[in-house]
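Consider the two complexes below, in which chain A is the common component and chain B and chain C are the respective partners.
For the complex of A and B:
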């Protein structure tokens, strides 16, 4: 009896150490958690998007009506335009500034380390808090920027940073760049430092100017990382929600209402989950297409081949 | 040559000063702002320093002692800003949630990563790709379904909901980074142990985890930081003041148009301190993990 038990226990142990079974068991907890919270929500969102579900109307199947409503709505177009404009300004700005900051940090100067460590802070801060800090800087009525410029005698009347359409947009861009630039710069710096020194000396021997060296040596060396940074920042720009919420609440009017903020407002302010889901699916598809286009456009070998 | 190198130094220091100003000035302003009495802060023309700066805002947050300048404006004022007093508890809430997420990432993440890196099993490639791809869905797109799921599980306003959601959002990244790390460990070490008759579990426990420990801890801290900072889900899952996480408390204060800003800034200062301690280890891990492991320069 006890012998048999021992035998089966040993059998179980042998079974568990079978690599295939062990592998399955090891990935299971994470896989199940992620799968449940991916497949179910996506299926649910698709289902939801074909129905009217709001506190006011009885639930009802409406087919593609929500999609048509969203697509045809002025506010959707407006938010999509805002998002495109936002990404079109911030992504190139982050790439260009990122390279400049990386080149700067690659030089030796007093305070270099302090700057490198200090710039962790804007990056590590919750984005909602970043928006909040800057809200006080930009506040129309008695923000720090207005108070400072007034005290220095640069302006006579306070500037409406957050209630003027263009200035409010600029403010959101500045805060986003402030928070994202450290990461962009550090990745580019790391890639900069991996460019072999010999290439620079060779270029110098050839009599290349500083700009020439950048164009022929530095740029090709960091190009893969440039693509990665651009992709990553594009995703961050598309999904930016916290900063808008804390800084401008999408205003004035709809000037800073990006797609994510719009989706949130549609779902949780208006409690129109049907339309909110349709909107969410449109955004998910759009960003998927964007990612695919960019991955296609990436130079070959930009990322190491996954050999999974 | 000499004048050129001088110009170069000037450009470098000029750029560095500009950057330092851009990055740090807002923090300095917030620290200053938190110590200035509200009446001075809102005065026009601005005279912030007419009355001496003080720490009464911090006193209020921790002890509830109402700053002197508030008394002139009556009880309503202090009621409106009393939400700021939620900050210490919100830090604790965020801490509890983020710690749980970190442990889930440590355990589930390293188990899965080791299997993806080292073991052959059916569906490995598909599962790995699926987990990574799951993060390409924008969070706002799944926000509504998440809300409905949490609602149907009766977990609205529960930390469990936040812990589950944040784990799902962080596990793919943890898995990716740790898989890449495990792959970089020479396979001969595993093979030697295998010849000795060690099971995959034993190899992971005795060899894999000790070798990968710095990366595992780094990945865990990264998950911690993301959870500590998350705002969107925290905003709609927590419904009572007792359960709100730090970004939610501060974010909703900012939406309050009548908030007292010196209070709010004191709240920001207190709320930022834990981030300070996390930033450096997480940063090191990020830079090392993402620049050496995943991407060829």
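For the complex of A and C:
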């Protein structure tokens, strides 16, 4: 081994003995990956959002014009309202239904295991597939739902599930909740099972009713997970694209156009990657602000399990 | 520029043993001898990537195999995508440089793809293209032309036409199909009074390119245009045919409640077969499906009528084969192979048009090749589902629309706006104004 090689090895050893440098070296591989897959794309999106970037429009720097155009468009207003409404309906629905399903699955009954496995199926399906399956259910002219209701004599004319504004919105909500509910329920079930059984016994001894046991034992026990599920589902609702794409294509009109769908349409259907990027950044910032507001609005300790 | 064929690739990947080395040497010697022979099979083929929307892929693949048998030096790889997503798919393919040498296209996106430099004019590469001008229907030729250059040869050409169920009308005592849109309303109301919930089946979805094409066809029926020669929108003028047609569509849904909205022709065809709808406007080839006894319960009941309106004109279009810039970038051999491919698929081969004729006879697709109009096989096939004289009359009245690079992009805003108006969320005036604003904004961005 040459003196030079020995010198470099000693240098490396000295470097590693410096905690700051050693730490930097150790996180470097992760940092490089984050830089490649997160920082660079975000930086590129910010750059692109200040330009006209399209295969057919002459490229040029436009400053914040893309943001102003997007913000001022009727399409954006509709999409933003739809997204807020969608999140406001689906997230509470998922939390409430998730708790109910988790409570059910936490009881012992014949077929419980099979039910637990089977209920994961909607979640395991790709969202686009769920959207397509449900499209055949909701189709106005010869969908399974209309056919079933008609043959049972419940309706005498077919219902415009996907071409009536309100019903189409309801259809998207139903499919999203159907697809997301298994995961929410499984998270909450795991949390339920971590609540000590002795607390229920003590509450029973104290004469607490079923609702009382839920309010004083179950709810505090699963509260951190409820927050996690709510935040997770909020993000899923805001970024939901596949179901809308497969089920309603944002229609009728703009009734089910969410911000994510609008972003995709702006970029890939209207070939305006600058405005698409501006919109993506607006969505990211809005999501961040919304989540911060929610976290701030939560009672202190909501994310921390209380002492039993 | 040729890609190494798979057999050769496999040979180079085989682990080398003494036996393999000997065998390989012998094989290479034989291959060299074959290369020297003028009639020997070439060890290499030119591979072409051909992208289509998903209509009858089995027939396309079969046509490819027939072509390859006649042209063993060309191997065609087929990729197929859903029609409503075709535009997005192609934009993604082109922007990501996904290999694509030849592709379906239509007037919907020709200007856009040509302006982006993704597809190239055929007449700039092949002298024989100009010779087809007199053999192709004028509206189809116009649809394949951009900036006076011809970008494609026709896969098929068709019209968007008005169809009706003759039995339903007869049973209702209606003696002739509607000749104007006002008559469509009157007859629909009559049928509605007799118990039919939605006599007019309307093909509409936000992402469906057909929507703005069908709208153009209805406007043409009234003798109107969508834009003037300077590419300014005409539909904000309440007296214009385009405004009148927007008004008709919205009133049909909101005021008269005679319209059912369906998202695709594949939805409308079975819906028409329930006998719950009497009228529709679709690509003409759908009449073949409606009157096909093998798949349609009410086959034989559906008829073509001239597009309602003052002039009965309609929208005529071509879907065609494009060559891409990527093919040109690969070199002259690829360009030549794409030329052979397009000529076989769209052009004249030994005095006939085998592929276009097959589409017409087997699937009822329209065609642009004029000689096929008098082909007895085509006439025999068409007469099974169509009044040929009336169809030829409609064909004479077909025309292409005026072009604008931003037309396809504008449609992406127009469709949701039309959807909002159909659902009563905005008025006809708001629909007309907002879609005109979008048109003008795009025009300004492109033209500066």
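Observations on the structure shown:
In the analysis below, the second predicted complex is superposed on the first by the 258 of 308 C-alpha atoms of A that agree within 3 Å, B and C clash if a C-alpha of one lies under 4 Å from a C-alpha of the other, contacts with A are read in each partner's own complex, and residues count from 1 in each chain.
Heads up, the rule we're going with is that contacts are C-beta pairs under 8 Å (C-beta built on N, C-alpha and C of every residue); 3 or more make two chains touch, one makes a residue touch a chain.
Small disclaimer: the values here were computed from a predicted structure and weren't measured.
By the document's definition of touching, of the two partners only chain B reaches A:281; chain C does not. In the superposition on chain A, A:162 contacts chain C only, with no contact to chain B.
In the superposition on chain A, A:52 makes contact with chain C only, while chain B stays out of contact range.
Within the superposed three-chain model, A:33 lies in touch with chain B and out of touch with chain C [touch as defined at top].
By the touch criterion defined above, A:249 reaches both chain B and chain C. Touch criterion met: A:141 reaches chain B and chain C at once. Applying the stated contact rule after C-alpha superposition, one finds that A:268 touches each of chain B and chain C.
If you count the residues of chain A touched by chain B and by chain C, you find the higher number for B.
On chain A, the surface patch touched by chain B in one complex and by chain C in the other comprises residues 139, 141-142, 158, 249, 268.
Those residues of chain C lying in contact with chain A across their complex are 84, 87-88, 91-92, 94-95, 112, 115-118, 197, 201, 205-207, 260-263, 267-268, 270-271, 274, 405-406, 409, 412-413, 416-423, 425, 434, 445-446, 448.
Contact residues on chain B toward chain A in their complex (touch as defined above): 9, 12-13, 15-16, 19-20, 22-24, 26-27, 29-30, 33, 41-46, 48, 107-109, 111-112, 114-116, 119-122, 124-125, 127-131, 134, 136-149, 164-165, 167-168, 171-172, 175, 179, 199-202, 204, 225, 228-232, 235-236, 246-248, 250-251, 253-255, 261, 264-265, 268, 271-272, 275-276, 278-280, 282-283, 286-287, 290-291, 294-297.
Across the complex, chain C is touched by residues 52, 55-58, 74-75, 139-142, 157-158, 160, 162-165, 249-255, 257, 265, 268-272 of chain A.
For chain A in complex with chain B, the touching residues are 13, 16-17, 19-24, 26-27, 29-31, 33-35, 37-38, 40-42, 44-45, 48, 100-101, 104, 107, 109, 111-112, 115, 117-129, 131-137, 139, 141-142, 144, 147, 150-151, 158, 178, 182-183, 186-187, 190-191, 194-195, 221-222, 224-225, 228, 238-239, 241-242, 245-247, 249, 259-260, 263-264, 267-268, 273, 276-277, 280-281, 283-284, 287-288, 291, 301, 303-304, 308.
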